[in-house]
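The structure is given below, and queries will be raised subsequently.
By letter and in written order, the chains are A, B and C; residue numbering begins at 1 in each of them.
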Amino acid sequence: MDETHPRTLSSLPEHSAESPLSVHAMTVAYHRKPVLWDVDYDAPSGALIAIVGPNGAGKSTLIKACLGLVPRASGQVEFWGRPYTQVRSRIGYVPQRESVDWDFPVSALDVVCMGRYRKIGWCRPVGRSHRRAALACMERVGMAEYAHRQISQLSGGQQQRVFLARALAQEADLYFMDEPFAGVDAATETAIVDVLRELKALGKTAIVVHHDLQTVEEYFDELILLNMRVVAAGPVARVFTRENLQKTYGGRLTLLSEAAEAVARVGSQGG
Amino acid sequence: MLPGISLGIGVQLEPSQLEQLRSSALATAGDRLPTLEQIIETVTLRGGYNTNLVIAGTTLLGLAAGIIGVFALLRKRSLMTDALSHATLPGITIAFLTATALGFDGRSLPVLLLGATVSGVAGVLCIHAILRFSRLTEDAAIGIVLSVFFGAGIVGLSYIQANANTSSAGLNRFIYGQAATMRAGDVAIMGSIAGVSVVTTVLLLKEFALVCFNDAFAKVDGWPVGAIDLVMMGLVVLVTVAGLQAVGLILVVAMLIIPPVAARFWTERLWLLVVLAGVIGAASGYFGSVVSALLPRKPAGSVIVLTSGSIFAISFICAPARGVIATAIRRLRLRLRIAGDHLLERAHELHTSVLPASVVDELAQRRGWSRWLRTLVIWSLRRAGMVGSMTSNGLEVLRAGMARGARVSRNHALWKQYLISYADIAPSHVDWSVDQVEHVLSDALIAELEAELTAQGIAIPAVGSAGR
Amino acid sequence: MNGAIIQFDIGADLFPLLAGTFAAMGCGLLGNFLVLRRLSLMGDAISHSVLPGLVIAFLITSTRSPAVMFAGAAAAGIATVVLVELVKNLGRVEPGAAMGVVFSVFFALGVLLIERAAMRHIDLDADCVLHGQLETLVWYDAPDTLSGLLTWSTIDAVPRQVAVLAMMVVLAVMFISVFFKELRIAAFDPALATTLGFNATGMHYLLMVFVAAATVASFEAVGSILVIAMLVCPAATARLLTDRLLAQVVVSGVIAAVSSVGGYLAATSIPAAFGKDAVNAAGSMSVMAGGLLALAIIAAPRHGVISGWVRRRRLACAITVD
């Protein structure tokens, strides 16, 4: 798909192989309308990166297109300067909680073990060592005591933490997280933030779809403001400005009130 | 009616045969019950070679279908199997016509089943193509493929019946099935399919579970989701095609769908679900063909489906955690607890250990309790040692009840403040939410709320004194 | 043969054609609301599970009068809808599986009961439920010319099945025009419908009653397979051709009629051209409906594969130019 794109490689700017994620001129279209338009982004290594934007801005789509879950109309995505298929084992993923049926007949530990499947390999059962590793991941998100619960008996926040533990079990270097903070309780929010900081301390990178403007500065180092195009991207301190937020949210008439409120909130906090 | 009367299960009979059948049916005096001896013979597989073949065949088929059906259910593709089985019909007719035209025996089972497989798979591919290339939803795609392919099959059947030089060879049996015609070779096929299903499931249980639960994650993790799906679908195709002759294309779907759904009521463990579904499927297959062998004119396919249907009904009603009765009891308990909490909270608010009847009445009216529920609430509180008896002064609230009331009242206030400070929910909605949620707060969450609120400098209501 | 490519004989073909067309149009119109509410398979479920309703009604009353058959089938249809809802909601079973459980058990029961009926030497035919008996609607003393139809005796000659199906089309049209607003809201957003004061659940059941009625009215003449095809295919085709509901309903009616006439003529004429006997018309109509749908998927002006491809090329060019 991306190989057929008429742009030649030589016209692209040079990127260091160190960047865990480089997106070049990526466009994604669903049926008729483009959802993401000409996205260019290079993620710095070892940073916590937030993707922020209004509803329908294409935040989740950006992640999914990077991971090849939705087809790209054009553009290139590279991880550490290599195509996705070569570095799969270094990438972890936390999908949206609503994307699965939680009434599935498995326990929380079973779900976390799924993060180990790649290491276990085809046709072999989950061994004791992998089970222990999964349990350790559950401990890191404060879910060890719920390991043997059926997943439908967990609260929304606990389910989110199970997904996070599964991603940890993947032992990746780059994590994509789709709305991990959506609709979770305070304990889960703290647990996720702790894990994010832990990952950063280990030199890993996390790219997180985020919806809460209030906590962006507190939780993240880097910010991508997205509204179909990348409005602004870079260190939070530089990008997280009133003007950029207005550009991101203000363009959507239906969201004017929400944007005004958000900006006001940010203004009151910053001032 | 039509000249060639078709009697029941798609068996086309000539008038003379019909007469014969009628007289033999009269001779056996309809529903004559078998003797105990016959029953024991059949059940213990001593009812003769042919009977045993049928029993073995349907049991193995039930086992395989139950196991494979689990993954169709979990992948939410139950009805795709319906489309698949209907889509086999045109393949059967085309295979028959082609083989006949080429000078082979069109009735040869392998040829017909090959045709069935090809067109069944084509049907599934059509569903995927419709979903991929149009904005139609999955239900529409399934309905389209099912009806159009089956329509094509009907066209083919009618063409064969009207025009083919050879006899139509009872291709109709693939619609309704004729377990009684099973031969040793068929049973061997069933056996190998059951074996393949069991072995594949044991080997790939982990992979199947991953793809069924979260295909996007599986894909990102590098698993060939398409290939794993293909294996699962391939097994469904195998079972369906194998079941065509025995139970027919309409009812083979039931063998794939019902056992897993019934088994799901009893367990939350995937491997146990697979085992149970296999057992239910096998038991239905066994029972169905035994009954069909013992009673005249009871087609095996229908009895198999009705057996698994009964197992489903029992599971639906009686299963311990997910069954209707258990759910109803759980809901009533929760309701009683919430109602009891309201009563005790009221006692706490009024600082009285004797709740006058008028207060109880007023509460019952405000909360919309029926007389029945009111009696039940007081009864359950008394059983829990929260209240004493109803005297002329009113309902005596015991020490434990007062403590509980204080706790509930405190949770209530905690939650209310939490909502106001955090969730940006309009204060007018607060009370509504509290009633729903405070009763399910865990101790850990309450401790958290306290910590949060203290950190925010919000005053926490003191724990009420025990009342007295 | 007369050398003509299209074979049409008033006596043999007029009433079957009318019956098929009326059945197709009635189902096609109602199907719009099933497809929109993602209930396409409800038609499938209902048409399978009317079988025991028919047989039980027959076993109880020992008559095959249309009213009795209709009552039995309608009761079975409603029972299916209610049971599917129950299994889905109380048993937390996925909707598709819930439908599968209910209709297959019903169908198995129907087959078993037919056997019982057969034991009493009564012919109820499961085959005819599936693929109908259009071909039996022969008009023996039909006029030879079309002008000969313009007499009162034509009306007398109309078979009951055709009259019932015609009535069904009229009822379906009335139902849709009277409740169009409600159906549209209920299809679009049941929750909104409820807050606006429409009874979405009531609407749902009313629609199901009509689907069951259409199934029953159709099954005798055209068989349930055509019912399923016509409940889904024309509406799905129309949905690919237009974005407006009213237009979709009208277009689906036209498509239903076209596939029915086309399918019937194909069933009689194509085999005849090769010197063979006619094939099952109901099946042929389903195939024709499927063919029209395939055409729409490929060539629909806005939602088709071709236009999508063109659009993507343009988008790619636009990006390049950008």
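Quick notes on this structure:
By our rule, contacts are C-beta pairs under 8 Å (C-beta built on N, C-alpha and C of every residue); 3 or more make two chains touch, one makes a residue touch a chain.
Since the structure is predicted, the reported quantities are computational estimates derived from the model, not experimental observations.
In this structure, the chain pairs A-C and A-B differ in their number of contacting C-beta pairs, and the larger number is found at A-B. Distance from the centre of chain A peaks at C, each centre being the average of the chain's Cα atoms.
Spacing of chain B relative to chain C, judged by their CA centroids, is 27 angstrom.
Distance between chain centres (mean CA atoms), chain A to chain C: 47 Å. Computed centre separation for the pair chain A/chain B is 35 angstrom, with centres defined by C-alpha atoms.
In chain C, the residues touching two or more other chains are 92, 308.
Of all residues in chain B, those that touch two or more other chains are 76, 135, 264.
Touching of two or more other chains is recorded for residues 31 of chain A. Considering their complex, residues 1-2, 5-10, 22, 25, 30-31, 73, 76-79, 81-82, 130, 133-137, 139-140, 142-144, 146-159, 162-163, 172, 175-176, 250-251, 253-254, 257-258, 260-261, 264-265, 296-299, 301-306, 309, 312, 316, 322, 324, 327 of chain B touch chain C.
Here chain C touches chain B in the complex through residues 35, 38-41, 43-44, 48, 87, 90-94, 96-101, 104-105, 107-109, 111-112, 114-116, 118-119, 121, 123, 125-128, 130-131, 133, 136, 223, 225-226, 228-229, 231-233, 235-236, 239-240, 267, 271, 276-280, 282-287, 289-290, 293, 297, 303, 305, 308, going by the rule given at the top.
Against chain A, the residues of chain B that register as touching in their complex are 74, 76, 135, 203-204, 206-207, 209-210, 212-214, 216-217, 219-223, 264, 267-270, 273, 422, 444-445, 448, 452. For chain C in complex with chain A, the residues that touch the partner chain are 92, 302, 308, 311-312, 315-316, 319-320, 322. On chain A, the positions that touch chain C within their shared complex are 5-7, 25, 27, 29, 31-32, 34, 38, 73-74, 103.
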